[in-house]
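These are the structures in question, set out in turn.
One chain, chain A, appears in both complexes that follow, with chain B as partner in the first and chain C in the second.
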Partner chain A sequence: MKVKLKGNSRLMKEIIFFTIMMIVPTVQYLIFGFGIKINLITLAFQTFNVDTNQMEWNLLGNFEKFFAQYNESLELQNSIRNSLSLPIWTIFLSIFIGVFFSLYIYKKQFGSRAFKVLLFMPSIVSAIVMTRVFSMFVDRAYPDFLRLTFGVEAPLGLLANKDTRWATLIFYSLWSGFGSSILLYVGAMSSISESLSEAAKLDGCNMLQESIFITIPLIYQTILVYITTGIAAIFVNQLNLYSFYQHTASASVSTMGYWIYIQTLSAGGQTQNYAYLSAVGLLLSCITVPTTLIIKWFLNKVGPKTE
Partner chain B sequence: MKKERLNKPNVVFVIIGVVIAVYCLSLIFALSWAFLTSFKSRGDYVSNPVGFPKSFLFENYLVGFENFYVDVGTGLAKSRVSLLQMIPNTLLYAIGCSFFLTATNCIVAYCCCKFSKFKITKVYVTLVYVEMALPIVGGQAAELQLIMRLGIYDTMFGMWIMKMYFAGVYFLVFLAMFSSIPKDFADAGYIDGASEFTVLFKLMLPMVSGTFGTVMLIYFISYWNDYQTPLLYMPSLPTLAYGLYRYSFSFRTQITSVPMKMVGCMILFLPIFVVFICFQKVLIGNITMGGLKE
Partner chain C sequence: MKKLFSIVLALSITLSAVGCSGTPIGSGGGDGDGSKTTIVFAMYEGGFGTTWVDEAIKTVEAKYKDEELEPGKKGLIIDVKPDKGYSGSGVASLYGAWDCDMYYTESFSAYNEFAKRHAFLDITDVVTSKVNGEEKTIEEKMYQSYRDWFKVDGAYYALPHAYGSGGISYNVDIFEDNLCYFNESGTGFVSSLTENRSAGPDGVSGNYDDGLPATYDQFFTLCEKLANASITPVAWSGQMLSYVASMMSSLAVDYAGYDDTVARFSYKGEDVEVAKVKEININDREPIFENGVLQTEKVKITEENGYKVFQQPGFYYALTFMQKLINNDRYYDVNMCTGTGFDHLGAQEEYVYSAADPSKRPIAMFVEGSYWYNEAKGAREDCAIDYPTEDGSERRFAFMPLPKANADKLGPQTLIDTNQSAIFINAEIDPVKIAPAKDLLKELYTNEYLSYCARETATLCPFEYEIAPEDYEAMSYFGKSLLDMKANGTRHVFPYSQSKVILANPSFGKPNADWETSKHGTNPVSYFIERKGDENFGAKEYFTSMLVKRRPEVWANSILPQQ
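Right, the complex of A and B next:
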């Protein structure tokens, strides 16, 4: 009986401790995690009635407005098209290059220690600094250099020139986008047992074969995390457009992440504007959530098995 | 244990090494160009856009500091926030948000690990995976409307509350760390009469203090560099990054030239670069998430 009472007392202390430590994060999540999602859903189905000067339930009003705007707005059409095409560059190419850079560092090849530090650098530099430095160089210094050195008349900067603008933005996204992902790949590779590497060498594998047939399959889940989080964020990715152009990015390079951010900034605290944006967000989430789940399921199914 | 290097260079790895070297050189070139350009006069830059400055004009930084400000508010309520006033905003924002975010991740991970017998902890862990994999698009508008209703819009305290969020990737880092600590340490504490609070704050947290510091440093750098969140959520408390954004797009004659724009960039970049150089071993070496592998 005494033991049981002591056990109950211990359990009670644990419950009290757990409750005290978890109450703030739980309430915070209920308001700012769960609550925002509920707010987004309820706002999406409300519109502003100019006659009554109040918000009213309207199941399809915001969605009809969005589709009408989509039909008329080249910027919106380009934003969706650009957002859907981004994963090829910003996810798959970035992961492909990142994994091979990480393999080089993991295998402690020449200069890998210095490269590890330098590859992490873009993560610590502010996006506004990187974009300003990059844009000043490609849009001001580079054309000035061409004019002075090669006598080119009125050269356009790479971001100012509509023919090179999109490619330059994609290049910048790749150029500045490495960093902490490489560290995480290297961290995952470092946890692979050395005995596997030694067994591979005994079987006559060279470094490249070992990397492709052993290392990459064993970090496949880490790669999958980056792919699925990247897919989940396709309509959130701004491609740094606000840092490059503020509100004035050309319609040809706009993305949905940029379009939503600009609209949110200019909403002016008006609930009807927030309601419309919430509806757009909900519509896009209905696309990204199942897409992400399907892609994750598919990649898990076709991906390398480690057995 | 150090891994052995293979003696024979592999051609593919040589090519990768060359590509990495070119990439790293491009990073060094870009930041060096920005640093050197910040010391040029307008005329020096026009005649020599990519070379070394003819003379180092340190007074560019004085002009940059004087013009690094943000006008907040409208009409009669308009006021000017100088660079010196942005520094405490930046420190409060970066330190406060990084501390609360890291502490929340850490405490929730500890509770989920220690009390895994409580079924509710599985809900928290599942929520983390769900939130990481399925972010909601366009939630900013709903979030803004909510914080305006709660009366915490445009406040530093409101930003801290918003950052007490446990569903981040570093929750998994802390969960792995606490899972790897043997239960014997806590049991020894209980035998000595320690309470749950004593075990957490005097035994467990010191054991993960290295990771706590590193995660907080990573978040600190991220918040130091972030300008879009202060722009949207606390426009009258500008941080240095927000100030640089305004400075970069300003048409004031004193700061329209490329050298002066680079001065603004260096004002934000150099302090964080010094922090990185001092702590790069901690930053790069201490995160041992281990990745996700079968």
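Right, the complex of A and C next:
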């Protein structure tokens, strides 16, 4: 009896402790996570009546406005196109290069420490500072270098020049995103048993074979996380456009993440504008949610198994 | 030890509760030792700064120093909370969590919506009163287009303050040193500063703008002269091309003139000049040219045919101006003006220092809002320390009256207010604070104080008032140039109205909305930079795309509020 009571008492204490610990995050999530999202979804189906100064139910009004605007706006068309093409660069190329550098660092090859610093630096330094330094480098120092060294007349910076702009933005996006991904890849690689590597070497595997047949399959789940979160965020990725260009990024490089951000800033706090943007967000979510789930299922199915 | 660590970690989670205070920007609590009633005045910290209210605050605080507004509290403190977060959109998005008593904000397009919600205190009694024994009430002093916006359902809920416009500033010292003023006939430049000069853009001789470029042609002649003298004619921030678009909007509005511009934003006007347009089909239209000249007609503007306001020819001529400027690399600093390396503050600093630092190439003119001078105060002061003038005087900059598209358009300037400032009192203010808050408003809008503000900030407010001689003498050269423009007929239009089109599409009040197109993006400066020298893309193509964007079918279905 005494033992049972003691067990119940301990259980009760644990339940109380757990409840106290979880109350704050649960309430916070219900309000700021769940509640706000429900509010946003309902807002998507309302429009503003200028006569009554009230929001009114209008199931399709905002969506019709979006499709009408799509037909009229080069920026919107480019934004969607650029956002859909971004995964090639920001996900697949990023993963390819990220895994490569991670393997290089994991294997402690020549200069791996220097690479570590270079690749982690954008993650350590404030993003706004990094973008300012980068833009001053490519749009002030680089043109000056061309002018003074090669005598080029009125040279354009890499971000100013429409021919190099997209590549420069992609480069910066990749570089600034490496820090966190390499950290995770190297962490996942470090958890691979040394005995596997040794056994592979004994069987005559070179470094490349070991990477392809052992290391990458074993970190596949980590790679999968990056792919699925990247896909989920294709319409959120701003490509740092606002940090570089403020409101006036060229339509040719605009992304949906940037377009939505600019529209939100321009909303001026007016409810009618937020309702429209909610509808746009909902529409884009209807594309990204099933796409992400399907891709995740597919990659899980076809990807290498740990066994 | 582990248990202690767990407890400490668990307790640290509760720190997130501080996020529930509802004071996301600055601090709404107010300073002071609690012995005095405190009014918290949130102020947007932008180009105009926030120190211009200080003297008015001292006056009101002195008035209430012996008053017991609240039990146990004697006297009054007005605590200013400056923060960039108090922009119009910032203030509007925080509605429901306003914890300051008064607000000064800018770009406040949500005013009408919030006024109708009674989010602001009704200050009609203040606005319709004669302050400081003056002859006119604040309302009577206010420019008409501002009255039309700020009066909602017969009542006032906020007051405008300093206005600003996109435009071009110039370095007076460079102009004088290089004799950059047109001679009396306008065919060349003066050979001495005492020689008679041309009449300038207003077409009137003997006033502030004599010798300045009156037309676009003269402006580019001036650019040529400056470039030949190894001076960069024009510069702007490559990162903030919206300011250049704002200058283009000023050119367009100036072409249209005051009445047509008011008609444009109110969607009510007779005989408004618009470009003639050929409707090719429901999705396509183009402007009509004859012998290379844009053809125009005069029409009545209503909300139903409001798309025609985007056909105003000033837009086209502003595009031709920009195209010509961009196509010639000698006329501007390519590095500064096309890249992201110079934000607006960096560009201001570069412009200021270019006049003083012998290692830099001088820049004669600068495209920015008229508030840039106050915003660059730090850069100017640093430059004066690093490179003092021989006699210790300030370097002279002035706001240039914009050139006209052609000689037929000479006359006073018309500009739009891109600042769109507003001061209001929170409707939830403690009743005991209402009287002193209103007294502060009254103090800020006396002629005397408006004159003082002009002196302090080198900006003007949209009211009819005289600048006191002592304030004029103490004003910077730049401030005097703005005042000279006002004194010589420059009129400002507020780009919002009670029109349902504007209320349903508040972005139409922002200069950048002017330049939206169906095919070429929304910023003409980017467009011209990317297509420099390409004859297939130019002002005509951009203007055509603007017309297509605002064609009748789209107007009727998407822009006009549905009944």
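By definition in this document, the second predicted complex is superposed on the first by the 290 of 307 C-alpha atoms of A that agree within 3 Å, B and C clash if a C-alpha of one lies under 4 Å from a C-alpha of the other, contacts with A are read in each partner's own complex, and residues count from 1 in each chain.
The working rule: contacts are C-beta pairs under 8 Å (C-beta built on N, C-alpha and C of every residue); 3 or more make two chains touch, one makes a residue touch a chain.
What you are looking at is a predicted structure, and each value in this text was computed from that prediction instead of being measured.
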| item | value |
| --- | --- |
| When chain B and chain C are modelled together on chain A, clash or fit | clash |
| Partner chain in contact with A:N39 - chain B first, chain C second, else both or neither | first |
| Which superposed partner A:V50 touches (first chain B, second chain C, both, neither) | second |
| Partner, of chain C and chain B, that touches more residues belonging to chain A | B |
| First (chain B), second (chain C), both or neither touched by A:N8 | neither |
| First, second, both or neither for A:D144, with chain B first and chain C second | both |
| Contacts of A:Q28 with chain B and chain C, given as first, second, both or neither | both |
| First (chain B), second (chain C), both or neither touched by A:N300 | neither |
| First, second, both or neither for A:L74, with chain B first and chain C second | second |
| Touched partner set for A:Y220, first chain B, second chain C, both or neither | first |
| From 40-48, 256-264 or 544-552, the chain C stretch with C-alpha clashes against chain B | 40-48 |
| Chain C-contacting residues of chain A that also contact chain B | 21, 24-25, 28, 132, 136, 140, 144, 246, 265, 267, 269, 271, 273 |
| Residues on chain A engaged by chain B in the complex (per definition of touch) | 13-14, 17-18, 21-22, 24-25, 28-29, 31-33, 35-37, 39-40, 43, 100-101, 103-104, 106-111, 114-129, 132-134, 136-137, 140-141, 144-145, 148, 175, 178, 180, 183-185, 187-192, 194, 197, 206-208, 218-222, 224-225, 228-229, 232-233, 235-236, 242-243, 246, 256, 260-261, 263-265, 267, 269, 271, 273-274, 277-278, 280-282, 284-285, 288-289, 292-293, 296, 305-306 |
| Interfacial residue positions of chain B with respect to chain A in the complex | 1-3, 5-6, 9-10, 12-13, 16-17, 19-21, 23-24, 26-28, 30-31, 33-34, 37, 46-47, 49-50, 104, 107-108, 110-111, 115, 118, 124, 127, 131-146, 148, 150, 161-162, 164-167, 195-197, 200, 218, 221, 224-228, 231-232, 241, 244-245, 248-249, 258, 261-262, 264-265, 268-269, 272-273, 275-276, 280, 283-284, 287-294 |
| Complex contact set, residues of chain C against chain A | 10, 13-14, 16-17, 88-95, 107-110, 113, 116-117, 238-242, 245, 329, 334-335, 338-343, 500, 503-504, 506-507, 510, 512, 516-523, 525-526, 529-530, 549, 554, 557-558, 561 |
| Parts of chain A lying in touch with chain C, wherever the complex brings them together | 20-21, 24-25, 28, 48, 50-51, 53, 65, 68-69, 72-75, 132, 135-136, 138-140, 143-144, 153-157, 159-160, 162, 244-248, 250-252, 265-273 |
